[in-house]
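First subunit A sits with subunit B, and in the next complex the same chain sits with subunit C.
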Partner chain A sequence: MAEKTAAFSAETSMDGETAVIDLRGEINSQAAAAFDAAYSEVARFGAQSILLNFAEVDYINSTGIALIVGLLARARAAHLPIAAAGLSDHYREIFTITRLSDFMEIQ
Partner chain B sequence: MSEQPDSRESAWAKPVDKLRVSGTPTGAINLNVEGKQMVGPLQGFGQLWQKTYRVALSGSSASPQEVVSLLKAKLPELMPSDSRFYPSITGVKPGEVIIINATVPGVPGTISTGVMILYADDESFTVMTPEGHPESGFNTFSASSEDGVTVAQIQSLARANDPIYEFGFRFMGGSSQQEKIWHHVLTQLAAQFKTAANVTMQKTCVDNRLQWSQAKNVWHNAMIRSTLNLPVRTARRVFRGGRGIDAS
Partner chain C sequence: MTTLKSLWRNFIGKKQVEPAETAAPSPAPITQIVALDLDIAPHDPLLTYVQHSPGVINTEQIKLDSPAITAMRQADIKLVVPLVSQGELIGLVNLGTRLSEQEYSSDDYKLLSDLATQAAPALRVAQLVKQQQLEAAERERMAQELKIARLIQQTLLPQAVPALEGWSVTAYYQPARAVGGDFYDFLYFPDGRVGFIVADVTDKGVPAAMVMATTRTLLRAAAERLIAPGAVLARTNEVLVQEIPPNMFVTCFYAVLNPASGHLVYANAGHDVPYRYTHDGVVELRATGMPLGLMPDMGYEEKEATLDAGEYVLLYSDGLVEAHSPEREMFGFPRLQHLLADRPDGDSLKDFLLGQLTEFTGAGWEQEDDVTLVTLMRNGHSGQPGADNLVEFEIPSAPGNERLAMQRAAEIVQDMGLSERRLDRLKTAVAEATMNAMEHGNKYQPDKPVRLRVFREETAVRVTISDEGGGPPGPTAAAPDLEAKLAGEQSPRGWGLFLIKNMVDEMHVHQDDHHHTIELVMQLTDQPGE
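Moving on, here comes the complex of A and B:
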């Protein structure tokens, strides 16, 4: 199921017990509703873990990082491990600076 | 993700293991910043809160870019007198450090800490806190156009850094004092554009758990360290008579 904003979409599917969220476009303030909807889908599927796929993401600004933090915080509160895949070298650095990588496996 | 660099990537700070302060601005007390690691919303101790403060600049023709430009240039002037910001000489640029000197009722002397500019573009900038700061997280200052009206916004996503700060925020009025600071900043900002300030705030508890594994953060507590350092600073002031005090 795809949730869309103007330049962003988040599509959730299941791979075994892992919910895979395929992110596309730019992650900024416009992405908030799609992020919320995607996390609701994860809860509905009863997933045991989450994989965020950034392979099709063009850009993330600081508001976008805050959205990812919010999703990660909610997943941690629900004891759902989270991993990230498809990050460019630049955003691997950003995930390190922002300390997201402390709580998220970067594949 | 594309490996082609996006020109906007320069809006982000470069990775740093530990903070470095390149010169102490005149009048600032530089403590509890140098050598500290950055900590985000996931590293602190207390409940994680998202607080969003907004003001619509109705009647002003200022663009979001102009509003953010003014915020970058005048943030120290917009702050209340008990919470002073000292940007570096290069201003609000990614990777730069802003030293913060604040006074808190019941705490002797000045509490010194700081923030690093994590991100800065034409329509927003974000600061991130170091170890020892009262909060662990981000503050994003931004502006956008909504139905033809420019709206300025400050959004914090943060939790208290250690148990002492959490107690202060919950039971000693720290939370409301902090909310007053950002109300003040947006009120002053609206005054710069000669518009009435109707500041709104929305707050959401994103994670209500306490992270007891982070209770050890109290070792870096800037309030305690600043207070313990007060006699040293006083003695230096007496014997050297300096204005800028680099106590790192």
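Moving on, here comes the complex of A and C:
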């Protein structure tokens, strides 16, 4: 069944002062814990900005959008600029429709 | 009574008068006939008196407390000669003073009496002939009017029912003798959708036919510019309310069917509520709205339904439900609803209902009002695709299963020519709608699957996603406030319906007591501006 195999991971690494979060798999409700963990890493590394790498993401649902909104809210509260890379055309469009692209740089 | 009274007025009041004093020398006095405006009240004792004493009456001598006699005396009437034929008083001959100014003699009395005996039957015959002529003229006028009304109605009713692949449409119209104001109409839209109208104008005959013609024209004009049935009825009402004679109005049910998907959008202006036969029972297609032409600024609720294979809708007029049996029992709505639920397989719905109506009213029934039936049935059987263009499947309600729905829908539509972008958008919309259905409608209960239907249409693909959560409608797709979410003032969630709505060309939400359905329409080709 798809839901059993749909693993998600978020790995954080530093590139200069930017925390790069490599997202893999499906961003849905089951990704919540991994998102929290990734943001804790960002704080631990003392990063000055965040780059979300969506290159390995094949599915984002509305709950996933909510997780991204939550992450964005925390980053903005901490005055950390956030950018997104590797989005497919479809999710680029969704980021535009939801206006997420107004609050993060789409690379 | 009125006829008799007016006849009396014609025959009484003949009064002789003297020539004018200045007109000398006059060879002979002239007789002037004065129209005496005298109504004899039905209880005037004079009437009883003449019935029993048929002779000549001297108004000076008769002792009767009769307002009629008093009026006659005041008009100088001396003698009253009742004309009685076969025991029935048919007139009075009234005489004034004799020209010689002498009293009337017994010979005069005899002459008048004989005259009355001879004249009464002749007068009666004349009266009857006159009456028959009037009645014949009236009958002729009514027949002519009836003919005109029928002609108008027949000219305006559609010549044929829509021929729709996968559907059986029938129409039946039987005018009452007096021709009521029923009509039905079919409207054909360029994208393949078909409008169904059943309406009933108050009143009968030519006035009803005229209002019917106007209403039909207004509905057609409104439907050319507007598709939404509620808007069409509102627009028609706005114009009709200024045109229609007082005390007249029109009840009207208007539905637009997409034959490819079975999707029906409807609105009702006070018409008898149509029935929808479903596999779960017979339900009413209710939508609120006032009849057309009563009041300005009316709004019309719009509802939707999707007909499965084997399901049908019956539109009808009150001539059916208000028909009476010989025992004066009314056919009624409950009977109709039960008949639809118990209808044996195989019979045509129309023939079945007409058979039941005849059985109920008996053979000698004089039809009280127009009877109109329009049926639209989706062919095929329950649980099987009704047409080549439908694929139907179920997804168990479990977290993450929206991806199964999405993949399956993508496989079904892969050969329909959607661009990659449109396909991605449809997939997201299907996934989000399925997720909503599993979570909110079915509460992730394993025994409650989500049912998806994918319809291929001429220019679009239509997907319906149904859950088993009936009852009040869910949240609407208001644009989420991202600023508020980022500021922590609003939950970061709440994107589902917003996304769906923005992914597809049309989104409709249907709700009944048992199911909640989201319907998605995606045009197959890119739209202007893309």
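Keep in mind that, in the parts below, the second predicted complex is superposed on the first by the 101 of 107 C-alpha atoms of A that agree within 3 Å, B and C clash if a C-alpha of one lies under 4 Å from a C-alpha of the other, contacts with A are read in each partner's own complex, and residues count from 1 in each chain.
In the analysis below, contacts are C-beta pairs under 8 Å (C-beta built on N, C-alpha and C of every residue); 3 or more make two chains touch, one makes a residue touch a chain.
All values reported here derive from a predicted model rather than from experimental measurement.
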| item | value |
| --- | --- |
| Overlay on subunit A: subunit C relative to subunit B, clash or fit | clash |
| Touching partner for A:V69 - first (subunit B), second (subunit C), both, neither | both |
| Which of subunit B and subunit C A:S29 touches, first, second, both or neither | both |
| Which superposed partner A:G86 touches (first subunit B, second subunit C, both, neither) | first |
| Which superposed partner A:F103 touches (first subunit B, second subunit C, both, neither) | both |
| Touching partner for A:Y59 - first (subunit B), second (subunit C), both, neither | both |
| First, second, both or neither for A:I94, with subunit B first and subunit C second | both |
| Single subunit B stretch clashing with subunit C - from 58-66, 166-174, 184-192 or 220-228 | 58-66 |
| Overlap of the subunit B and subunit C footprints on subunit A, listed as residue numbers | 29, 59, 61-63, 65-66, 69-70, 72-73, 76-77, 88-90, 93-94, 97-100, 102-103 |
| Subunit A residues touching subunit B - in the complex, by the definition given at the top | 29, 54-59, 61-63, 65-66, 69-70, 72-74, 76-77, 86-91, 93-94, 96-100, 102-103 |
| For the subunit A and subunit C complex, residues of the former touching the latter | 1-4, 6, 26, 28-30, 59, 61-63, 65-67, 69-70, 72-73, 76-77, 88-90, 93-94, 97-100, 102-103 |
| Subunit C residues within the subunit A interface of the complex | 398-404, 407, 421, 424-425, 428, 431-432, 435, 480, 482, 485-488, 491-496, 498-499, 502 |
| Subunit B residues touching subunit A - in the complex, by the definition given at the top | 1-3, 5-6, 8-9, 11-16, 38-43, 48, 50, 118-119, 121, 124-126, 128, 138, 140, 142, 144, 155, 157, 206-209 |
